[in-house]
Amino acid sequence: MKFAVLINEGPYQHQASDSAYLFCRAAIAAGHQVTRVFFYHDGVYNAIKFAEPPQDDRNIVKRWSKLAEEHGVDLVVCVAAGLRRGVKEEVLAPGFRISGLGQLIEAGIEADRLVTFGD
Amino acid sequence: MLHIVNKSPFDRPTLATVARVAQGGALLLIEDAVVAATQGVASPLAEIQKKMPVYVLGPDLEARGLNERVIEGVTVVDYNGFVQLVAEHRNCQSWL
Amino acid sequence: MKKFMFVNRKAPYGSVYALESLEVVLITAAFEQQVSVVFLDDGVYQLVKGGQTRGIEMKNHIPAYRVLPDYDIDKFYVERESMEARGLTPEDFVVDVIVLSAAELGALMEEQDVVLSF
Amino acid sequence: MLHIVNKSPFDRPTLATVARVAQGGALLLIEDAVVAATQGVASPLAEIQKKMPVYVLGPDLEARGLNERVIEGVTVVDYNGFVQLVAEHRNCQSWL
Amino acid sequence: MKKFMFVNRKAPYGSVYALESLEVVLITAAFEQQVSVVFLDDGVYQLVKGGQTRGIEMKNHIPAYRVLPDYDIDKFYVERESMEARGLTPEDFVVDVIVLSAAELGALMEEQDVVLSF
Amino acid sequence: MKFAVLINEGPYQHQASDSAYLFCRAAIAAGHQVTRVFFYHDGVYNAIKFAEPPQDDRNIVKRWSKLAEEHGVDLVVCVAAGLRRGVKEEVLAPGFRISGLGQLIEAGIEADRLVTFGD
């Protein structure tokens, strides 16, 4: 089955990005496909490459980059939400790309299920 | 429809809204919402249980030290079960 | 064609969800899907007319709902109980709304393909 | 003590907590909390008014189109009034 | 010396406030002020012992409360009503707490110079 | 009177930063001093220089920079919260500086009032 995911909150402040990541990993392990993760609202902050959490904590940004690299998940940062908040090409971690809200609607049309994670 | 709730019933009206609006399917409690499925907590969950099966995410219960307090009639699932629930239902709604 | 539903449950201005939800709805217009927009709980405050945002130095985005019918997005649903608990009536809103009971809204939600919640 | 609340009583238990805990001083409603001071809304505000004066931030009321619905006994202030209230009270608590 | 009070009203892990509030309390220890830490509403869940965070891949920060008394931060107050509504007792917590009524907590709050809420 | 301010949320997502800014401006206009604004939790995102909101919207980051420039307000971004979220020197707007949580406690000790804005 094809899953798409929407993330509405940044890393750490809320559990949304953690829950979404663990959901995606479990979906892939179960043989499903995660076609796209769309980052909206504060979710765009998940893409900031400068993040450097304490050694004994999870690195949320790197985890997403790795998922993109290993499983071809398309990580899309909303351009409008990103501009408003200063998340642009200059700060983007590997595996993320910036595009329009249309990519969210397209994901909703093409995937079998769209699951939202937020506050 | 799979209804997904992530907020404590003490902190948000979300679970009360689901009790009022949701007509069927199933309910999955994740993140801070898992407290609704623990003993001694008064919440709209009992009302929801009359309409649909209720699931709770085990890893979130364990993180909060609440896994031994789950009330009867609620099924504990892991992330794999979360994925299955989404796949089994035709659609889903995260009540943010 | 899929059925898309947008669910708004948060008050405007205190957080950005109301504004950024509207931006998604506007984009959806271009995809020619079946779209419905729902307001319940504090989301009903998103439709209250007469707001003046000069004092908080934000943009007043609420009148933008009025342009949506031009793009064939005209199904605005408000849950009755949420509206009444806030002392509001359909006359208070910037657009024409369809008032639904909680059960009617729940049934409508069941029919959707994609439900997006902000 | 100046108690500052920024959340709607429909969305959070904050105002109910203030009604229970706060012993005196004054209450200022800002941001989404201003809805508590409008007509036709049932909230713990009436209870709080028995204990202390209640203020509401005008610019937040106006933004939400609610400035003509303010209930009796609540004083509307602007940001200047907000600053004065903080200065007048020995301490303050933002109920987040 | 000033009286600092830290007020915790949110559950742990669902948001970062519990962890980052603890980090502030730890820093405050170095400033030799009078510190009290209060838990009410869902904040009382921050003290529940026995949590295992491996399944959500986060760090379990709750045991860190146990080191605070070594830095003379040992006034942990829990509001009775919040605790009881959640089916909890002082035996469920990682540190020794002082249980206060809402009115007692309100009176204690009035005495403070700085109240920080997370 | 000396005011210090704590901001716990990022720009746009929550009203916290807006309310705090309008409070600071009113305090300064009334003859008070705003000694320090401390940015904690997601509040650190208020310092990202790349932010580019729509022309007809307020620019929250620039507003803070201007307040620092014109009224000497000390804008402090928490180093720990910033590292976790990738808000480091590389992305810092003018007028902001990065320092430790001790600066928050110090502000609480030295100011007559500390006012918190958050979610």
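Every chain is named by a letter (A, B, C, D, E and F) in the order it is written, and numbering of its residues begins at 1.
In the analysis below, a residue touches a chain if its C-beta (ideal position, glycine included) is under 8 Å from a C-beta of that chain, and two chains touch if they have at least 3 such contacts.
Quantities reported herein were computed from a predicted structural model and do not represent experimental measurements.
Steps from chain B to chain F, taking the shortest chain of touch contacts, total 2. Between the contact lists of chain C and chain F, the overlap consists of A, D. Superposing the C-alpha atoms of chain C onto those of chain E requires a rotation of 180 degrees, given to the nearest 5. Judged by shared residue numbers over all numbers used at their interface, chain A and chain F contact each other through mostly the same positions, with over half in common. Centre-to-centre spacing of chain A and chain F amounts to 27 Å, using the average Cα coordinate of each chain.
A separation of 26 Å divides the Cα centre of chain B from that of chain C. Centre-to-centre, using mean CA coordinates, chain A is 38 Å away from chain D.
In chain E, the residues touching two or more other chains are 13-16, 41, 56, 58, 113-114, 117-118. Each of the following residues of chain A touches two or more other chains: 8, 12-13, 15, 19, 22, 41, 54, 57, 116, 118-119. Residues of chain D in contact with at least two other chains: 6, 10-11, 13, 31-32, 59, 78, 91-92, 94, 96. Of all possible chain pairs, the ones that touch are A-B, A-C, A-E, A-F, B-C, B-D, B-E, C-D, C-F, D-E, D-F, E-F. Residues of chain F that touch chain A in their complex: 10-13, 41-42, 45, 48-54, 57, 61, 83-88, 90-91. Chain B makes touch with chain E in their complex at residues 6-8, 10-11, 31-32, 35, 38-42, 58-60, 62-69, 78.
The residues of chain B lying in touch with chain D in their complex are 10-13. Listed in rising order, the residues of chain C touching chain A in the complex are 2, 4, 16-17, 20, 23-24, 27-28, 30-31, 33, 113-114, 116-118. Looking at the complex, you find that chain F touches chain C at residues 12-15, 18-19, 22, 54, 56-58, 119.
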